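Below, chain A partners chain B and then partners chain C, in two separate complexes.
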Partner chain A sequence: MPRARETGLVVRELDEETVVYDLERNEAHCLTPAAASVWKRCDGSTTVSDIAGMLRHEDKLQVEEDTVWAALTLLGKLNLLEEQVSRRTARTMSRRDMMRRAGMTVGVGLPLITSLSVLTAQGVGASVACIAAGAHCDPLHLNCCSPHVCKTSIGRVCNNFGNCTCR
Partner chain B sequence: VRVSHARLVDDVLPYMPFGWHEVDAMGMKQTFSLIAPRRRALSGEASTYRLFDQNAEIKQTPMLRDALEELGSRMQIYVAEMAEERVFLHAGVVGWKEQAIVLPGRSYAGKTTLVRELVRAGATYYSDEYAVLDREGFVHPFARPLGIRVNGLNQEKHHVETLGGRAGTDLAPVGLVVLTQYRARARWRPERLSRGQALLEVLNHAIPARRRPATVMETLERVVACALVVRSPRGEGRTIVPRILSLMEDYGDPSGTVS
Partner chain C sequence: MLSSTSLAALLAGSWRDEPPPVRISPEDLTQAVPLLIGSGAGPLAWWRLRHSALRDTAPAQELRAAYRENAVQNGLREREIEAAVGLVRSVGIEPILFKGWAVACLYPNVNLRPLGDIDIFIPPGMEAVAAAALSAAGAPRDVDLTHDVPGYLGRGSWEEVFARSQLVGLGSSELRVMGPEDHLAYLCVHFLKHGGWRPIWLCDIAVALETRPAGFDWSICLGPDPKRADWIACALGLAHVLLGAEVAATPVADRAARLPRWLVPTILREWQRPRVAEHTVPPLISASLREPAAWPRAMRERWLSPLDATIRVGGAFNELPRLPYQIVGYALQLKWFLQRFLGAIRGR
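== the complex of A and B ==
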């Protein structure tokens, strides 16, 4: 029986969705109501069949056991369960197939879970200007405006502070 | 901030973070150091400016301006990350009818251009770089000079008054969040996000998200609870401004819909 991970997470419940921040991986996930309901019921003692029944009767979601397995597999891959679930059919499914099957059965918009990697402060806020094509650059200047790179007049990558420009 | 030569002080001052003031050096938590090249470089020695974050070298460049821009950026990000009573979003912000319109976006997403166009349309200027939120989710003014790019490269600083606008002075609740980025010939098709999706998307632009995730999420939850959050690429700023402002108008109307 699956058990939801409890440590190393910041969890916020917004209406029927749940947003989870994984402190160990600096990843954040938004669980749709269906995924959130499955996750909430992973207490280590409730079977998958029982979870599916609860979603149908209590949450009024049209789900089958396959849907729950798909959600559990996804939750496991995202490290939101204590252990990855094991079910032959689910394991051989591609993530796309899992999500498609879960979405078709549940009738909710895909994807079940939206995730992102949270950037560092520098990654979020960097605002140093890139160097335009034709402008001087040096090997430690990694920010020629895309798609240009810092090169010498003969096309080689710069390794000194000579006549290097973004090309 | 430390510099190797007194002559660098005047160069550094324009790059200090908005709202800075001088304090006693005792108990300082963070040091940035700018080292100028020797006037007479030794044989084989590169003539470069070197920038350090504490003891770690973060940049070498022969161009002073590049070093200063990097220094300014690093200081700004440090303040944004470490401010304890505020959550800084990388976002433009304007005020419209006593509410804030927040425009999260990475560098080169076109935040300043969109902010400038909104100000031209009568919005109040709050910031072109950071939405500064308190714990309750209200936006505080951060009306630094707008950094308008010249030829897509360097920035020129312009006070909003010189552009015909006015700076906001009051706290403002967030009424609208627009997640957008300029793309040539993009069609404006705003998609309204659920609260969970909105929180996730805005979290992606929160400077201190990794350092204080619980506080940041709590603050953003308050923001998305009341604000309309939409997402769409956009074309030219002038054509999109009326549609952004109409979103605010429609959202305030119980019978309004996103269009």
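== the complex of A and C ==
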């Protein structure tokens, strides 16, 4: 039985999707409500068949077991499960084919999971070189090296002759 | 160039569960996107557009991407907030959060607003203790402890602000946030004191206004000082005029309908440069002293807007011309600079 990974992830529920950011791999993924529902039910004790049943009866989604398998295989390939799970028929499929089949099975023509290249390219959560004490900084980005902060006040004048310096 | 009026129209009502329908051309939306994302209002703009015919256009999808990215950033930041509060509590100090996360919680989804730095209000005189606790543990960056909230609001005390504060859940913790009356007042004064250049600050005021609880005490929010109360009323009036915030059935409705004539144009001028990157601190004056050619620009960069000047001088929001306030405000800056400069010379 599949189990969702819990550590090393930032999970944010938005109105139309769930965004999952993998801190260990610096990758971000968008899960549709269907994929998020599958993932949420991966508790290590619920079978695939039961997950499909819950999606139909509780979430009112018209899904078959195939869709759940497709989602689980994809979730596994994206390292969102503790262990990868696969069905023989899906074992040799590429990630793109899996996403396409999952979308077609659900019937909405959209993938269950989208990986977000924008976020990964910008390295969300990646450390950024901080600004040393005494250097000019942007008060609204506040990126001084700890424990300094970039301060501003009325007229955007800080200490020591007006520059916004780390203190 | 997209007008700031169009920018305001795009953000109008964006803080509501179901914002009003939006009317904007694809061309205007394309121009608006970098301004919205650069000012931190991208997620809110997506929220406004998500049910519109424009949702699948490229610029709208950029806003959606900004919403997703902001969600992740907020998720990381929330961990830091929880950690920072825990560290301050570990030395016996109960902190009060405001702005940032405390105001993001008021939106339909906390991910609609960037969390920014971590603003914490703690009892006067305890800053060093709290800072030491944060520093010793390798605290999250950008924890700002130096807030004199009563001084900022011109009223009250730590004890009074604390008595009105509330606990809000985050993860496995409960964090203390400023009470609604104090928070709305603070957001208004903060907006004005920073020249009102960032549209999302006015959205913050609007959401805090419209989500105020039953029993909201306007006498506390506006405070006993008539001038400060009028500042707050005018900030709320700006939220009404520019963004459509509801002020009916509030004591500020009348004031909102008769704002000083210079105020709205001043804000709209500021919103022509709404991006964070456009509001960095100008270079040091001392750096310009050896280059006389740089003096005109250095002086120009420090000329205050009518709003900045009025606040700086502690003036009233009336119909009197703002130029005298701007001149006095400029003179005060010069006086401050000379005092620091001469002090530094004497100190050598």
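Everything below uses one rule, namely that the second predicted complex is superposed on the first by the 114 of 167 C-alpha atoms of A that agree within 3 Å, B and C clash if a C-alpha of one lies under 4 Å from a C-alpha of the other, contacts with A are read in each partner's own complex, and residues count from 1 in each chain.
Following the convention adopted for this analysis, a contact is a pair of C-beta atoms (placed from the backbone, for glycine too) under 8 Å apart; a residue touches a chain by one contact, two chains touch by 3 or more.
In this text, all values refer to a predicted model and were calculated from it rather than measured experimentally.
By the touch criterion stated above, A:73 is placed in contact with neither chain B nor chain C. In the overlay built on the shared chain, the residue A:37 is in contact with neither chain B nor chain C.
Of the two partner chains placed by superposition, only chain B is touched by A:26; chain C is not. The residues of chain A shared by its contacts with chain B and with chain C are 10, 12, 14-15, 17, 19, 21, 28, 30, 116, 118-119, 122, 124-125, 130, 136, 138, 140-141, 161.
Those residues of chain C that touch chain A in the shared complex are 50, 65, 67-69, 71-76, 108-109, 111, 116-117, 131, 134-135, 138-139, 141-144, 146, 193-194, 276-277, 279-286, 302, 304, 308, 311-312, 333, 336-337, 340-341, 344.
Against chain A, in their complex, chain B makes its touches with residues 46-48, 59-63, 66, 69-70, 73-74, 76-78, 80-81, 88, 90, 106-108, 129, 147, 149, 151-155, 194-197, 199-200, 203-211, 213-214, 217-218, 221, 224-225.
If you check the complex, the residues on chain A that touch chain B are 10, 12, 14-15, 17-19, 21, 23, 26, 28-32, 114, 116, 118-122, 124-132, 135-136, 138, 140-141, 145, 161. Those residues of chain A lying in contact with chain C across their complex are 10-12, 14-17, 19, 21, 28, 30, 116, 118-119, 122, 124-125, 130, 136, 138-144, 146-147, 149, 151-152, 154-158, 160-164.
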